[in-house]
Every structure is written in structure tokens, then in C-alpha cells.
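Pasting the structures here.
After this come two complexes, each holding subunit A, first together with subunit B and then together with subunit C.
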Partner chain A sequence: MPVVVKNLNYTYNPKTPFAKQALLDVNLTINDGEFIGIIGHTGSGKSTFVQHLNGLIKLTDGEIIVNDINLNDKKVDYLKLRSLVGMVFQYPEYQLFADTVKADIAFGPKNMKLPAEEVNTRVSEALKLVGLNEEEIGEKSPFDLSGGERRRAAIAGVLAMKPKILVLDEPTAGLDPMGKREILQLMAKIRAEQNATIIMISHDMNEIYENVDRVAVFVNGTIKHDMPTEELFQKVKIEEYGLEMPAMAVIKKKLSKIGVVINGRTVTEVFNEIVKAKGGKNV
Partner chain B sequence: MFRDVTLGQYYPADSFVHRMDPRIKILLNILYLVGIFFIKSYFGFVIVLLFLCVAILFSKVPVGSVIRSVKGILVLVAITGILNVFFYTGETVLWSWWIIVITKEALIFSGQMILRLIFLVVGASLLTLTTTPVDLTHAIESLLKPLTLIKFPVHELALIMSLALSFIPTLIEETDRIVRAQKARGAAFDTGGLVSRAKAFIPILIPLLVSSFRRADELALAMNARCYEGSTNRTKMRKLTLSWRDLVGTLVTAVFFTAIFVLYSWITSAAPLIPALPYSWLYI
Partner chain C sequence: MNEAIKITDMTYFYRGYDDSGLPVITKGVENVSLDIFQGEFVALVGHNGSGKSTLAKLLNALLLPRSGKIEVFGMDTSDKKNLFEIRKSVGMVFQNPDNQMVASIVKEDVAFGPENIGIPQKEIVTRVNDALDAVGMAEYADRSPHKLSGGQKQRIAIAGALAIQPKVLVLDESTAMLDPLGRREVIEIAKKLNKEKNMTIILITHFMEEVLYSDRVIVLNDGEIAMNGSPKDIFRREAELNKIGLRVPRAVELARKLNSEGFEIDPDITDEKVLGDKLCRLL
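Take a look at the complex of A and B:
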């Protein structure tokens, strides 16, 4: 069952001198298993929007239905909603608190009141999924890990709740190139193995272009464009919104002018297609 | 969740009181606080009320915000009022049962006590409502300057204060973020018994503590890197200057409080005559 958002409005600090309209008539439907990217300038309402999806920001004006949970209902089961919609915030490593990595990852499943055995299996599974060695790292303090490991441990804490919909707010910000690649590979793996819907906020257009199926562009609190990735970067001048064109999209545009049409989006795909067009073999 | 916790409850506006020099505002506030304790009659409180009305009018702060500041001390006010009614020893007994005696004097006295507390808080909050925390620290630094003569580290104290103040919004934001992150992992802060509620705060406090230390470290490093040195010959970006507003504000306050002091000395000297007047409790 998809996520359906209709006519969503939200104002911070209403009826005070600090009042600020953050969302303005937002409409979006996200299908099961989709990998959707959300882009937009800082302060365009992206974070406010995604926090509505798991009820961290209470719905005040509009309609939201997540799977079979209607957020307009008088009594919403927020625990159920939050285990359904996992949310990884910006710099999630700053939320780590427990003595050991394992105990921290167990926090979510324990809050879901799962039996101890189930909690343990979920912790092991989550550690394995994010590529951390249970024997080596599980009993360590989360504060003794490296930056990339810490972030993966924090993501494991959300994955252990087995969400059907995973929201990530700039999951690769502040990581080195290798850390970034690992997180993106992890997302592909989660999608393949758990068949989860993934919603990713990012400022890195290359990352968006090479990974997601569909993009929603937030401008001043409303969704200005909502299209398949390729179509968006070909048709829309996203520079107007303070965003940058992805490198591969620029190359493809330039090549299309001299008659070379390329379909792939990742660096490897584009490279191979160029080589092919020049009559060479795949590398 | 923690959005509402604000120490400096500054209300942004452009008004007469907002533009007054914060040093003068602090001094006048001290005068006001002292003055209130000289009031011995309900009539005096009417004068204070008048003064507050004038001050609030010229500060453009909505009356609601001022009243909201009283809400926090309502319990204290109630307890003070009740204790005074029971323990003040007066002469005219109105009602008694077992060891509880309520006298007319006790009622009058506790009524004044309640008004005094409320006016105290309203006056002080009018200062914080119209002055930014940064201005307040500047003013305190400037007012404490004479203490440098006895080697008191005024500048360092002011620096610590302003750093602490400037980190409050950051810390609130950080707390808010951590709370949201833990809530997203199913944490509940408003259910269960006292122990489980207290326990629920551990996942917030530890990350907050860790990040506070990190921030303090980073700030110290950044200050060192820019060769920060204490008070010697440091200049201010924004200098505090006196204007006609401060003169007018001081004069208005002075008029009101002269009235109060005159009333006070008149009552103390003329007290024996008053009981003859109708509603004499209003004056004493």
C-alpha cells in the first residue's frame, strides 16, 4: 500500500511573530518499492514534509495515508506508524547513546515491545545488513567507532525495526567518498533484500541522478516538479532553484547534441556506452 | 517538545521601551523591585499597576505575553498566600476552628504579599521581554565594570554568560533533534511510571552531553586559533549609548516611585488617623 499525501499545509509557530509557512498544498503519492529522491534548497520544506510521514510533526492541515494508517484519524497508533516508517535523520550518529552498539540497535525493537529473542535476531540481522561485524563491533561502545561505522550503526538502529518505508535525510552528508559509496550500496541492498520503499533527501545531485527512480523538487514549501529522474534533469532547468545539474546528465546532454544518445545514468554505464559508440569494447 | 523552553523570552518589537538603554532598564528594574517592598497599602499597588500599564503600553508587548510570565509562579503565589493567611498573627479574628485562626490583618497582609510577588515577576519579565539576552549581558558587563578595580574578572564572566546564552538555542535545537530521532525509534516520553519516564530521558541526555562537550571543545579551539585574549583593550561592535528615551523613562519611573515613597512616609506618620476613614484597609 502506498503513501498518499493530499493538500498538506504546515505553519511553524502559528499565530506568533515567528510564524512561518513551511508547507503549502503538497500533494504526493509514493508507490510501494519505489526509490524516490527529494531535492530542494535549504528551507524548502523537505524535512518538514518527511517528518509528517511518521507523525513526528502532527498533521494539522491536509490528508496523509501511510499503508493502512490514516493520520487524520482521531487516535493514531504512533508506535505502529513509526515502526512502519523508519526515519534516519541527518547525522544520525549523534543519536547513539547506549553502552554497546548492540544495545543501541536494540533500542527500537525493544520500544516495539518485541520478545527478547526476536530483538536479538533483529539486532544481528541489522548489523549484518549494514556490514558491521557482530563479534568485532557489537560489544564496542558506539563512541569508539569510526565516523562511517558510527553512521552505519545508527542506520542499523532504524533498520532493526524492519520498516516497510525508509526515509533518509541526507544519509551521506559529511562522509568521505568511501563512506558515501558504502551507504548508497547499503540502500540498494535494503531495497533488494527487504523490498522496502525508500525516500531519500539529498543535496548531492549526482547521488540522486545515479540512484533514485523518481524525483520530487521542493520549492518554497511546495512540490514544483515530480517526475522520473531522467525526464526531470532533461526537461527542467533545476539551476533556477539553486540546484546543480548532475555531471552525467551534463555529459549526456552535450553528447546528444553531436548525435550520441546514451541511456545509462551511472558513471560506469555512461562510460561503457561512450566507448561502445566510439566502436570500442566494454571495459 | 522543548520548543517552549526559553530562558530569554524576548518579544521582538520596535518600541520606546525596546530602544531604551539596557543598563538604564536594569537600574530602573532594581529601583522598581526595591520600591515594591516599600508599598504597605493597596492604594500603593494601584499606583504600581498604573505604572505597569504605562510601561506595557509603551513596550508594545501584548498583555497576554506579560500575563503568561506570571503563570510559572502561580503555585508559589498560592502557597505564599495560604501560608500567610494561617501564620500571620493579627487581632481581628474573623473565623477560627481548632488551631486554625484567620484574622482580618492576615487576609490583608497575604493579599499584599500575593500582589507584591505578581508585580515583581511582571516587572522583571518586562525587562526580559523587551531586551535581548545579548544586550542584557552587555549591560551587566558595563554595570559591573567598577569591580575590575578589585581584580574581579568582569569581562570573562560576561563572556561566559553570553556564550552560555548564545548556546541555549543551539542546545534546544539539538535536544529537539535528538528527541525526534529517538521518538522515530519508538521512544515514548509521556507514558509509564516515574522511573520509566526518568529512564526514557537517558537516550536524550547522553547524546546531548556528548555533543555539548564536543561543541565546547570546538569553540575553545576556534577561539584559540583566532588568538582570543581576554579583556585587554577589547572594543565592542555595538556600543551602548544613552538617549532621550532613557531620560524620559527614568523621569516617568521616578515620578511614580516618588509617589509611592511619599505615600509610604505619609501612611507611617498618619497611620493613627486612618482607621477613622471608611474602607481604611485600602490605605493601610
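Take a look at the complex of A and C:
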């Protein structure tokens, strides 16, 4: 079942001189299995929005339904909500705390009061999913891992709770290009293997363009655009919102004006289609 | 050109202890020899853990070489009596803008540096005003830094470094946490300081697109210098870059692929707009 958000408003420090409206009439429906990107300038409300989805910020004005949980109900089962919606914050590796990688990953499932055996299975599965070798690093201190490994270990901690909906707030920030690619490949794998819904906040328009199906653009606390990725970057002047055009979208937009339509979004896909478009003509 | 920084056969390693209390040595940088000239704009790239930040910290004597030598304007950083002058010569701005704010009003935050080095009050005022002017934040002098955007906060952090009147400015992944507009703001300021004030800029980044603004790129791999050349020279060594976890900007990747496929396209194109226009003429 999908995530449905209707007429969501939120004000920080209400009824004080510091009151600041962070969300203004936000409406969004996210379907099962979707991979949606959320973009927008700093302070546009992206993080405030996603923190509503697992009840970290309590709903004060509007409607939110996550699967069968209605956040407007008087009594909300937050434990259930939080195992349903997994949240990976910015720089999640700063939240690693246990002595060993395995103990750290076990923290979530243990809190869900699962039996010890089930916890162990989940830890192993999560490690495997993020591509970390249990034998090699399971007993290591998380602080002995490399930057990219630490990030993946932190994500494993969330995956071990088997969330149906995974929210990631700038999951690739601060990683080198290879580390970024690993995280994005991991997200594709999670989606394929677990059939999870993925909601990703990112400031990197190239990675948004190459990976998500649909994009919601936050501007000053409200969703200004919500459309399929390709359509957004071809139709909307996103530079006006302090964002930038993905490199491949720039090239495709120019080519479409001379009637050459390219469908792919990665460098390799675009390359192959350009070669094909050139076809029999002499290069 | 005068050397701003002269590094000779420098090695630094971290000393630590493993779980059983035995000493462990972790490589930081090894056998690095490098000259950086006054007025140069140098980009420093490398995978996570390649030694970029270690090198940055060695530049202003936050770390001291275990062997070899580093001289900043002829001053050996290992000589304690040079410390004061070295720290004044090399300003640093780090990744997280929120960790670098020390005061609750912008101008006081910028004044923190000059106050610490005992600049007379009258001159502090001038320096603060000049520094804020240089980063285009003069109108925010009396505001609270906490209410600024990420890019604005980093500009204040840069102003704080400028108030010491350094000759070298090190930006250690200062754009990593920013949105596209914030990244552009920081890069523009760095370019301006380099052009107008002949300030030496050392930009550490994971965004290969940002490398394009530099005169010279230093690529670190496992603590050693793997490449040293102009952005064009570096991008031509795409396969080697990929091997050490880096990748060229997408437009460069596409231009190079098309060129080797036989297209009449300059493999050194770096701008997607130029590449798009060129393709429109070819297809």
C-alpha cells in the first residue's frame, strides 16, 4: 500500500517569534516499489517532509497514511511505523556506535524484540545485501572500516529491520565517485530483491537523473513539481530553483531540438543511442 | 613563480591501537614531494581515505611530518617558532559549515580569527568588513549565522579564514554538504580570490566537475601522488582514474567515448553545452 500525504503543513517553533513555516500544503502519493527522488535547495523542506513519514516529526496539520498506518489516529504504533519506514540520515556512519559491525547492525532488529536467531539471520542478510563480508569485517570495529564501507555498514543497520519503505537523506554525500556508485547500485539491488519503495533526497542532479523514476521538487516548503524524471528535466527550468541540469539532460535537450530523441540517461546509454542515430551515415 | 608550499619526501602515519591494545600504524601520506606556487589554483582529489585531508592538515601544521619536510613560504612546519606565522599564512575551511561557527552573530564569528592573533580592535573592524565584502556577505554582518543557507554559512567560514589575511586558502571538501547553488557560490568565491587577490587556492573535492576550475590537479591514491597535471591531462588518463575509484565528469566521458568511436569530437571537451551543440551539427 502506498504512502499518501495530504495538505501537510508544519511550522517550527509555533506561536513564538521564531516561528518558521517549513512545509506548506504538501501533497504527495508514493506508490509501492517506486524509486522517487526529492530535490530542492537547502531549507526547502525536504528533510522536514521525510521526517514526518516515520513519525520523527509529529504530524500537526494534514493527513499522512503509510501503508495501513494512519498517522492521524489517536494512538499510532510508532514501533511498527519505524520498522516499516527505514530512515538513513545524512552521514549515517556518524551514528555507528557499537564495538563490532555486527553488534551495530543488530541494534535495530533487537529493538524490534525479535528472537536472537532471527536477529542473527537478519544481520547476515543485511551484510550480504550491502556487499560486506561477514567473516572479514563482522567482528571488526566499525571505525576500522573505510569511508564507503562505514556508510554501507550504517545502511545495513537500517536494512536489518526489513523496511518496506526506505528513506535516504543524501546517501552519497561526501563519498568518492566509486563509493557513490556502490551506494546507488545497492539501492537498485534493494529495490529489485526486496521490492522496497525508495525515497531519496539528493543534491546531485546527475545521480537523480540516472537513478530515479520520478522527482518531487521542493521550493520554499511546498512541492512545486512532481513528474517523471525525464519530463521534469526537459520541461522545467530547474535552474530557477537553485538547482542544475544533469549533463546528459543538457545534451539530450539540444539534440531533441534537431529531432534526435535519446531515451537513455546514463553516459553509456546516451553514447549507444548517438552512435545508432548516426547510423549508416559516414562519421 | 614563488613557491607557496614546498613538500619534500614527506611521510605521515597515524599511530593507534587495535582491540587487543597492540599498536597499529595507519598510512596517511607517503613519500610526497610537491611544490605549490603562489597564485596557483590547485585541486586535490582522491578516493575516500587517500590522504587528502591528512595532506591538508600538514599544510598548516595541524599535523607534523613523521619524516621529510614541508615548508610554507620557506618556513619549516616542524619548527615550533614558525607555527604562528604558518597558521596565519594558511587558512582552512572544512566540510561541515555548522561545525565552524563559533559566534551567534556573523561579524563576531568572522572576528574570531583576528581577535585570536591579537589584531588591534580598529583593524579587526576593517578586516571583518573587507572579508565579508570579499565573499559578498556584507549585508549579513549583524545576522545570526544559524539562519543562513549552507552556501552562505560556508562563505562566512571563508570570510573567517580571510580575516586572518592568509596567502593560501585550503577548502577541504567545503562543497560536499551543499546544494548546487551553494556549491557554485563557494567555487565562485574561490575563483575570485584567486584572480583578484592572487590567493593560492587548494580545493579538495569529490566533484570532478569542480576540478575544471583549477590550474593543476593533484590525484592522491593510497597516500601517494598518482597524477599531477592540468585538468585536461588528468582527464585523458580516464582508465587510470577509474582504477583508483575516480571518474571523469560525464560530459568528458561521453566526448571521449564518441571520439574513440570515430566521431569528429574533441576528446578534451569538458562542457556539456559545447558537446551538445557540436553533436547537433554532426547528427
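By our rule, the second predicted complex is superposed on the first by the 279 of 283 C-alpha atoms of A that agree within 3 Å, B and C clash if a C-alpha of one lies under 4 Å from a C-alpha of the other, contacts with A are read in each partner's own complex, and residues count from 1 in each chain.
Just so we're on the same page, a contact is a pair of C-beta atoms (placed from the backbone, for glycine too) under 8 Å apart; a residue touches a chain by one contact, two chains touch by 3 or more.
Quantities reported herein were computed from a predicted structural model and do not represent experimental measurements.
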Figure out whether A:Lys15 sits in contact with subunit B (first) or subunit C (second), or with both, or with neither. neither
For A:Gly43, decide between first (touching subunit B), second (touching subunit C), both and neither. second
Kindly classify A:Gln51 by the partners it touches after superposition: subunit B alone (first), subunit C alone (second), both, or neither? first
Per the contact definition in the header, classify A:Leu175: touching subunit B only (first), subunit C only (second), both, or neither. second
For A:Lys237, decide between first (touching subunit B), second (touching subunit C), both and neither. neither
Tell me which partner A:Leu79 touches in the superposition: subunit B (first), subunit C (second), both or neither. first
Have a look and say if subunit B or subunit C is in touch with more residues of subunit A. C
Contacts from subunit A onto subunit C in the complex sit at residues 40-43, 90, 141, 146-148, 173-181, 203, 205-206, 242-244, 246-248, 250-251, 253-255, 257-258, 260, 267-268, 270-271, 274-275, 277-278, 283
Per the touch rule above, subunit C residues touching subunit A in the complex are 19, 46-50, 95, 149-151, 173, 176-184, 206, 208, 245-247, 249-251, 253-254, 257-258, 261-264, 272-273, 275-277, 279-280, 282-283
Considering the complex alone, what residue numbers of subunit A touch subunit B? 17, 51, 54, 56, 79, 82-83, 86-87, 89, 92, 94-98, 107-108, 111-112, 143, 157-158, 161
So in the complex, which bits of subunit B are touching subunit A? 11-13, 174, 177-178, 180-188, 202-204, 206-207, 210-211
